[in-house]
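Okay, so subunit A shows up in both of these, paired with subunit B first and subunit C after.
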Partner chain A sequence: MKQAIYGLVLYVFLMLPPVANLAESVMTIHMHMQMPLFVIAGMLMTPYLKQRFPTFFAKWNRNGVPGIILFMIIIMYWMLPRTMDEALTIYAIEIFKFISLPFLAGVPLRDSWIKLGKMGKNIIFVTLSLLCGFMGILYIFSPEQLCNNYLIVEQITLGWAFLFLALSIIIYFIQQFFVDKTEYE
Partner chain B sequence: MIKNKHNAVAIIVVLLFGVALFYVGTDGFQAYTAESARTAKLIDEKPSFPEVTLEDSQERMYPFSEFEGKYVMLTFIYTSCTDVCLQLEVNLAEVYDQIPEKYIGEDIVFLSVSFDPTRDTPEVLDKYRSYFESDGETWRMARIPDQQELDSLLDDFGVIVIPDGEGNFVHNSAFYLADREGKLIDVMDYTKIDEAAQKVTSILDAEAGE
Partner chain C sequence: METTVLKESFIEKSNKKLGAKPEDARISLTYLSLAFILLLVGGTLGLIQGLNRAGLFELPAWLNYYQVLTAHGILLVVAFTTLFMTGYFYAGVSHTLGGLTSKARKFAWSALASLLVGTVMIMTTVVMGDASVMYTFYPPMQASPWFYIGLVFLALGIWLAGTGVFLNAASWKKANRGQKLPLFSFFAVGGYLLLILGSLGITAEVLMLIPWAFGWTETVNVMLSRTLFWAFGHTAVNVWYLVAVSAWYVAIPKIIGGKTFSDVLARVVVILSVILNVPGGFHHQIIDPAITQGVKFMHVFMSLSIALPSLLTAFAMFAIFERAGRKKGATGLLGWFKKLPWKDVRFLAPMIAMITFIPAGAGGIAQTNNQLNQTVHNSLWVVGHFHLTVGVTVALTFFGITYWLIPYLSKRVMTARLNKLGLIQTWLWAIGMLFMSGSMHWVGLLGSPRRTSFSTYGDNATALSWDPYLMFLGIGGTLLFIGVVLMVYIAFHLMFRAPKGHTEFPVAEEEKDAAPTPKWTERWGLWIVLAIAVISMGYVIPIVDMIVNAPPGSPGFRTW
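Here is the complex of A and B:
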């Protein structure tokens, strides 16, 4: 219950116009801080939602696959250069961002993750790192300005942040093959 | 098995939602950047050039309807620009050279509009004009002194200009072609010079042939 309140506070805080404007003024913060924080807000609210609607999650997201696909779809959608621009210029898209990231990405991610097997998790790690790597290369080496609302310098910075993220996921992915978790539990 | 049915249905629903989301979000898998969406929308809507007053490098003031009856090849620039605008204007000069001379001035005029009216005075524009060997007549450079008129034009044509805080602007660039009635009929990639020149020439040829 405490977690849900923290999640709700974070969620409301992120949506405050001055906070949202500040976060969106820098491209990298928009993509790599504001958006993930919305997902985290959703994740924090998940236990409460599962308590309220236990049958819904058990019934429709039994093995975690529908949820994780939904998560991937939503984050891929927000990786498109166009959606970043439109979140700034079209109000409805901004609202969709506020709703989709916590509730269609954060909530299903947390619900699905514990249900997924090792194989499923590994597939997600590999897909995510490939995706981030691809986006990084796209944003760094694109000769064009991909977003009308951001400078090219910011675009390149964002690209490097993507590569860094991809690398971090890969390192995490690899380390689990060498670390025996049971030693720590 | 019965219980897994819901799960399977959920997978299908989620996938369909994903396809629909990307379809709507990219105009049917066409436009992945806001810029490509903007040009597609402009070509689709063909907005009219709003009534704005231009002041050119020879200090002449006239409304855009001065060019009625002629095609107008447009670019948006500011002269203090050090990167894209230069390339844009160099490329525009090449397009200008590639268009058959008989059409120049008669059927088509070139116009570079500055969106920095405070700094781009007629004198500055005149100097800038000379860099590209524009004659100031069949290829004019002009500013829109009225900020409100300028904003409405930029807005109609979807030109987004961001000041970077150091006196420079970042903006999206393209060649814009307006027809004889002042309606925008095409937005062309400014890096594809030959393609743009061919397109314009073929439009003019087709009309001359009639």
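Here is the complex of A and C:
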């Protein structure tokens, strides 16, 4: 319950017009801070929602696969340059962002993650790191402005941020193979 | 299970009986003796500067003020600290983990070789007058390429020393399944991790400066270099501080007859320091152009966030003191204060170090703010500030460690006479620094610049008004030099002359009813990833901006 309240507070805070405006004014902060924070807000609210609607989660996301696919679809959608532009210019899309990231990405991610097996998790790590690496290269080397609302220099910055994200995921992914938790704990 | 318990208690017993393993002690003693030799050299150079700034001593024509300044800075703020940290951490890792692995020993020796090669290269270029660029070596001032190559060896030495500790901790964890890493070794792992994360920036910088210094590339991006330097510089001072803090948490409770306040809290302090530290570098560059206000604000926020673990530490320390005092029968609100062992130098030195961190930390917070920084930037205030933090909080804690670490390693004991000498040394240091750092702070507020030799600026009235303070600076510097000589004497006396005997490596025990430490504290993979994420949050935006929107680079200048 406490977590859900923190999640709700974070959710409302992020939607406050001055906060949203500030976060959206810099491309990297828009995609790599505002959007993940929305996902985190959703994740914080998940235990409460699962407690309220246990049958819903059991019925629709029994083995975690539907949830994680929904998560991937939503975050891939928000990685497209065009959707960022639209979030800034079309109000309905902005509202869709506020709803989709916490409830269609954050909630299913947390619900699915514990249900997924080792293999499923590894697939997600590899896919995410490849995706981030690809997006990084796209944003860094694209000679064109991909978003109407952001300058090329911001685009390159975002590209590097994507590469660092990919690097972080890869490091985390690889260290699991070298660190056998049962040996230590 | 039974056998592991037996094996452990055997290791513990043999540790107690035999003290440090000779081959491990040799490593630490070598590091420590080199550290104290460098302290003597660096301290002498400090005396020369202090007397020069006081207007009492004119440097001979063959010796440049900036040469002295560069050597003093690099020897004391980089070389002395790194050597001491390595000697101390390896001794503690050896003690708490039941001896070093042979691999770790090899890493320690190769790290020493690399550090020595680096220091010799750097000092040679400085002595030859080819590298009077001060320890920040800001381009476009251009030193000899061998100076920068020496820095690469320093970084390599740090990485080697860190790797040895990581490998040793991992092999201990494998042999002691399910047990938490002892707090001391936890500090060592965290300290090296942070230092390595910080050294990535400076390595990138130096790799750009080397081809530039050789003349293979014509220009260098000045702003980028400064930024990469401070990613290291800011982190490094916090690493030295973390080394000092490790002794406060691990050794001091034992010395004053108390117990650890909270094992979890100490570990959280280490984790927070590792994650939050690196992206605070811009508060050293607050008046640099080319960084937007928003980014500076974020870095100021990050540097202030380091105050959180510091305040946690302050709380824990006072709790330890109070509990230990009350156990000894103290009454009233502050009665425990008198029960502290003020006559024991192993306590007094780090205690003064801690007390000093109160004004030192407060001054740091003040100068991190944009407007206040504009008043004191590049003035002697800043020099006063870091002589409090590194020169007292860190150095005096290191001295306090020396009084038990060296006799523990050399299998000797500290005599009452040496304890007395140590007390004198500590008070000399404290009073000397009060004069020197105090007058530096004050005269800095009055506008006296740092990084200049003595000048009356054509007998300008304002500049002349600084003179009385600068005289105090010289007096303080002289007292500190006496302190250095005493300390070096004490260190080598403890190493070779003190009576043989057994000295304990003080490791505080936990309270009987202490809560078990949760397992998540040891998820290093997660902490590293979080640290990288926080570092990229702090640096990706400004660094891409500095590279993409860079002005034409600068050729090298030799200003001396």
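Assume the second predicted complex is superposed on the first by the 182 of 185 C-alpha atoms of A that agree within 3 Å, B and C clash if a C-alpha of one lies under 4 Å from a C-alpha of the other, contacts with A are read in each partner's own complex, and residues count from 1 in each chain.
Simple rule for what comes next: a residue touches a chain if its C-beta (ideal position, glycine included) is under 8 Å from a C-beta of that chain, and two chains touch if they have at least 3 such contacts.
If you're wondering where the values come from, they're calculated on a predicted model, not measured in any experiment.
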Kindly classify A:Thr28 by the partners it touches after superposition: subunit B alone (first), subunit C alone (second), both, or neither? second
Looking at the overlay, does A:Lys118 come into contact with subunit B only (first), subunit C only (second), both, or neither? neither
Taking the superposition on A as described, I'd like to know which of subunit B and subunit C A:Ala161 touches: first, second, both or neither. second
So in the superposed three-chain picture, is A:Ile171 touching just subunit B, just subunit C, both, or none of them (first/second/both/neither)? second
For the complex, which residues does subunit A have touching subunit B? 59-63, 65-66, 69-70, 73, 77, 80-83, 85-86, 89, 144-149, 151-152
For a test of understanding, state which residues of subunit A touch subunit C in their complex under the given definition. 26, 28-29, 32-33, 153, 156-157, 160-161, 164-165, 167-168, 171-172, 175-176, 179, 183-185
Across the complex, what residues on subunit B touch subunit A? 3-4, 6-7, 9-11, 13-15, 17-18, 21-22, 25-26, 31-38, 160, 162, 164, 170, 172
Can you list the residues on subunit C that touch subunit A in the complex? 173-174, 177-178, 294, 519, 522, 525-526, 528-529, 532-533, 536-537, 540-541, 543-545, 548-549
